[in-house]
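Handing you this structure, nothing more for now.
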Amino acid sequence: MKNSKLGVLMVGLNGATANTTVAGCYLIRKKLAPAYGLMTNEPLFAKHQLVKLDQLVFGGWDFANRDAARVADQQGVIPPALLNKVTGDLKKLKPMPGVTTAHDVDLFRRQKHAHKTNSLGKKLELLIANIERFKKTHRLDKTVVVFTGSPLKQFKPGSLHQNIKSFKQALARNHADITSGMLYALAAIETGSPFIDFTTNTTLEVKALVDYAKSKKVPLAGKDGKTGQTMIKTALAQLLKIKNLKLTGWYSTNLLGNPDGQILSLPEYGQNKFKDKLGVLQPILKYSDFDHSVDIKYYGPRGDNKEAWDNIDFLGWLGQPMTMKINWLGRDSILAAPLIIDLVRLMENAQRKGRGGLQTHLAFFFKNPLGAKPQGLFKEYQILEKLYA
Amino acid sequence: MKNSKLGVLMVGLNGATANTTVAGCYLIRKKLAPAYGLMTNEPLFAKHQLVKLDQLVFGGWDFANRDAARVADQQGVIPPALLNKVTGDLKKLKPMPGVTTAHDVDLFRRQKHAHKTNSLGKKLELLIANIERFKKTHRLDKTVVVFTGSPLKQFKPGSLHQNIKSFKQALARNHADITSGMLYALAAIETGSPFIDFTTNTTLEVKALVDYAKSKKVPLAGKDGKTGQTMIKTALAQLLKIKNLKLTGWYSTNLLGNPDGQILSLPEYGQNKFKDKLGVLQPILKYSDFDHSVDIKYYGPRGDNKEAWDNIDFLGWLGQPMTMKINWLGRDSILAAPLIIDLVRLMENAQRKGRGGLQTHLAFFFKNPLGAKPQGLFKEYQILEKLYA
Amino acid sequence: MKNSKLGVLMVGLNGATANTTVAGCYLIRKKLAPAYGLMTNEPLFAKHQLVKLDQLVFGGWDFANRDAARVADQQGVIPPALLNKVTGDLKKLKPMPGVTTAHDVDLFRRQKHAHKTNSLGKKLELLIANIERFKKTHRLDKTVVVFTGSPLKQFKPGSLHQNIKSFKQALARNHADITSGMLYALAAIETGSPFIDFTTNTTLEVKALVDYAKSKKVPLAGKDGKTGQTMIKTALAQLLKIKNLKLTGWYSTNLLGNPDGQILSLPEYGQNKFKDKLGVLQPILKYSDFDHSVDIKYYGPRGDNKEAWDNIDFLGWLGQPMTMKINWLGRDSILAAPLIIDLVRLMENAQRKGRGGLQTHLAFFFKNPLGAKPQGLFKEYQILEKLYA
Amino acid sequence: MKNSKLGVLMVGLNGATANTTVAGCYLIRKKLAPAYGLMTNEPLFAKHQLVKLDQLVFGGWDFANRDAARVADQQGVIPPALLNKVTGDLKKLKPMPGVTTAHDVDLFRRQKHAHKTNSLGKKLELLIANIERFKKTHRLDKTVVVFTGSPLKQFKPGSLHQNIKSFKQALARNHADITSGMLYALAAIETGSPFIDFTTNTTLEVKALVDYAKSKKVPLAGKDGKTGQTMIKTALAQLLKIKNLKLTGWYSTNLLGNPDGQILSLPEYGQNKFKDKLGVLQPILKYSDFDHSVDIKYYGPRGDNKEAWDNIDFLGWLGQPMTMKINWLGRDSILAAPLIIDLVRLMENAQRKGRGGLQTHLAFFFKNPLGAKPQGLFKEYQILEKLYA
């Protein structure tokens, strides 16, 4: 992408992930901080004219009507000494009011900064209008929409989600099985904006939306960003596979102290996340006779600094048991932010190359790569290598 | 390799690595224990007719004149209940007397089970005769020689090691800069036997031997089997590289309770090992501004169960620090044994394909892959994949 | 206790704890294994003529009618090479049939080796007869009864449990609120046998039993043996208290692969255990504004080797945060067995000294010391020191 | 101590420990931060009228002539947001020039802010004059001197150190075996100031000084503050002892990124520290047949945040092996600062009670408690309890 600008509209603009993404880009543009973690800065991608950080224009929706400077200050992810240098820019960034349905966490539905209508059709129209106005205001040719909102209540797609016609009819009837995530995705598709679901929601498991995006040449990608523990897990599982070491047990526990942790510790919101986290081993190892358990615990003292502990039991030569333990002291938003930018760049590139529908070559980035299966982190990287070498 | 047998002659036959390799093969052939850890059993290699475990005939040299059953019993690597089932076979396996030079650990030079001559030329002849007799006795077409002996004193190749002519002249003069390892390697080359150095010795850094083997189409491979901590390290370092996370420090410590640990804790024997362990990060990461330290400690309570602890510090987005810690409870011989078999199979295959000299495509298996540079475990695996796919 | 013998009757004789206790005593008597972990062997207790290991005669109840040799062999806690040396003695040890009520785990209620009557009164009589017969057969003056059975369903004492009269009336009416644990305790009291509850059951929270035992000068002690993670926790919590370091969070997770782990992972059986484990910090620290969470996970690969991981967050000078993490690789039965013997010895001693009712000076041994509050491991040790110095 | 002020003079005033002590007191007095870690704030000491934080007046010596505000800013131990609130006070605090001898680290001897004379006698006089002037300036009755300087070169006391007469004669002759630490200690004794050696130096192993202080009723205490890993070690070792669990191996490694770490990684400066760290187990356990090793590694990324990893192997019932691993993420100065204040308070109290010479009742605070032997952390606490209850 040569000279024009690219809009990046994030759902959950005031969440730690989106906020750290934006503030980080501002700092990096000013050369005040390094862009470590940004994979697409590596030589492999050099000749593909990916969109530059300078070309990105940020915006988005949130239920909390605060500017990005106040949000960053409260979250404390970025040290104050750094943050102070972009306070001016961040103050200008305020979210548009979002949309909710019954699947949103109660906490957020009660928030005031949301479109007031009860009509799903009206909500969709408002989102589409939001995107178009953002383009016009900033004189953009293109936008990418990224879902980084809170987890929605668990949900199973039914017959109305099978094709776009029945889906739109249901939408017109205000059907209860249409989530806010789907409204954002549809608004993106209708406006020709690539849509990324960085969360664990079922949005892009809706066949109607996937087929529709494909027909309109709009790229989609999801789901559930592979940031920390699961990223390591898919790397080590591939290692066990290559080396023919037999896994017998993998116990993973997570301590999270941010609002995400609080919501995910509620069973109806956390179950998808567990499914995503538990689902990665069998496809890589090609067997399933092992103990696999994943715990997520809300634990205040940790804040945004996520901690994970993994215990891995495996058998080697003659069935003799060995063990490996990992203590991961990562930082959720610090790990997620560069992935968001990587995905925005690669999705814009995919759209330029005429690719629509689920972008399975981006499996590397997701715990549950829709349209593909987890294959192991390095195998997934080889797919990117082949495409971009 | 279709029907004939393959001889496997190991230097240090009574060491835990060689003993566990042999006892393990006997158990696996009888279907009494699984061959986990044996990479060449994976589908990738299926169509290449690698030599089967049934086709291997074991022998070797050692300074301790004990049969393999007694050795296995003392080492306690394999549980007695398993071991008992192959005691008969192991009793029949006794080492030939080995050769030593001034570089061997004093402990071993004092051992009685060694060829008595002081002439290097005579020692070489005896080794060649050992190999030829072994072939005749067991009606073998081919043998592979594997060095799994104890670490030799540190050594730097000089001008006499530059070509085979000067090397042989020096050998004839009983030159002090020729080690026992080189004698084994030369005996292997002269008898057309592929030679693997699984230890950290400088043997295959001798240009004279490498060129000579190339000219005689004898495959060589080394050095220092990548079994545990360093294997994981080269996997994770590649991960950091791919993800553009900036390493700032890597602290590794090792607790070893076996005789190897005792020798490696002596500076003059351990230094090569440190060099091998420390040398892997820079070539993978392409930068060197990080703290890297490796400790090896002899620690009695651990026995053959090696323990490692790694602390890895790295920077992500905006230079924010994160940490990962790994506690590895591996088992040295259990990890090494299948690698030995993998290497024997792949070296025999390389010889069949007409390849001589250093087999750089086997970098995956070595801490310090001679003729190549560490590239990261998965990149090294891709080299194998390309060759065998 | 000078020359006579002491009977030790264990409920759950075929459980790993009881079995390892008995087999261990047999081995130690024959000087085939050391008595490490046995606190009462330390000089502090030397002059108090505690009962000797040679004086103990073991017996007990279980629903599985197998001899102790078979049980030990299956459990694999003690290495076969050791176990073989006491097989003869263990073969002679078979459990008496036990009693159950609706609170027992279904699994056990379905077992056949139990007294068949439905009358609680009859069950009690049978247990009393069992004890008396055991004394007679082995010519014993005294017995101690130790409850090491499986966790019972959670239960809350009501008005009928307030005094022995209403309790016995309820028992006569086959009241549903009387558990098998209470029957064993009452049988012990009626026969003048000290009773120890090593499990998390509510048995000794029944006031009727405690008062009755006091009146009959029968010592009682419980509950929930402090073997591993909680033992360490009560030591470190006292350390934090002494040093005025402010706890902000303590996350504990447990991996258990034995049958106990399976039952405790069921909420209705595990809740008491959680209460015991969670209840120790506040009384030691004297504040409660911290995150405390405990997980117990059934995890097959671990077997009887219990693993725990603790993450402890605390504040020091100026409120600056620090962290300590503990990985505990203990062994449940190996830790529990010497505590059982310690308790048997000290309870016999208490009875000799004329003490009845709850023995609060034994708080050191229990997660939830009945009649006392957790005070920290070393403070609890001081109580013993004062008494025995 | 009722109303008067107490001077606290620290050697190494610009080191992180002293700086964090002073800045912390300023913050706590203003109620801007909590005094966690300060043991003497606990109820045990309430009725003893220990000196209050408000009563302390700080000063000291250092080779770097910078004010305490700049130092604190550079060290980054205290977060800027807190630090800013006492910048004014800290700016006023500047060190007096110190004294050096040949035992000081070259790095520091080259520093310019030191008394220029070569005469030891002159140096002593200057230090005494410093103390007296400080008292006069601040109208103080008493001062305490605390050595928190860098480790000095290893040193073994000889005959001249046996009594004060020969010591003073040697001093007059500028004898090479008198260290700067001894000069500070003697200056303290001559001015009637209690002297605390918080470092690993041999200062208070000099019999001449100890006897002299005793005769002058000046309390002394040392050596090597028990802040982190060794504190935990002496607690857990006591636990093993009490529980009769048999230690077989204890491996400790330390990562330090502050200047102390750099000096301690040099063998001639680090050896005392190793001796202090290694010496604690045998006196507590009363046996020595175990592997004990301690490593200290300079590791840049850690900064003042000290990290330790301990692996503890022990045997339980029947000699069965178990293991415990501890990962300690402490902060050197944050742990040390409150101990300094505790010691100052207790030493002032000891002086008021007329106690001179080595204060063995303060063993709790030191790795190598001079005049006593390590007994286990909680046993050492009992000594305090008895004295202050």
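Residue numbering begins at 1 within each chain, and the chains themselves are lettered A, B, C and D in the order written.
Keep in mind that, in the parts below, a residue touches a chain if its C-beta (ideal position, glycine included) is under 8 Å from a C-beta of that chain, and two chains touch if they have at least 3 such contacts.
Everything numeric here is computed off the predicted structure, so don't read it as measured data.
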{"item": "Over-half contact-pair match to B-D, picked out of the listed pairs A-B, B-C or A-C", "value": "A-C"}
{"item": "Which of C-D and A-D has more C-beta contact pairs", "value": "C-D"}
{"item": "Distance between chain centroids, defined by C-alpha means - chain C, chain D (Å)", "value": "44"}
{"item": "Distance from chain C to chain A - Cα centre to Cα centre, in angstrom", "value": "49"}
{"item": "Computed distance of Cα centres, chain D from chain A, in Å", "value": "51"}
{"item": "Shared-contact residues (touching 2 or more other chains) in chain A", "value": "325, 327"}
{"item": "Residues of chain B touching chain D in the complex", "value": "248-249, 251, 253, 255, 291, 293, 295, 297, 299-302, 307, 309, 311, 313, 321, 325, 327"}
{"item": "Contact set on chain D toward chain C in their complex", "value": "20, 24, 27-28, 33-39, 41-42, 77-78, 82, 232, 235-236, 238-239, 242-246, 315-320, 322-331, 334-335, 337-338, 377-378, 381-382"}
{"item": "Complex contacts: residues of chain B adjacent to chain C", "value": "80-81, 327"}
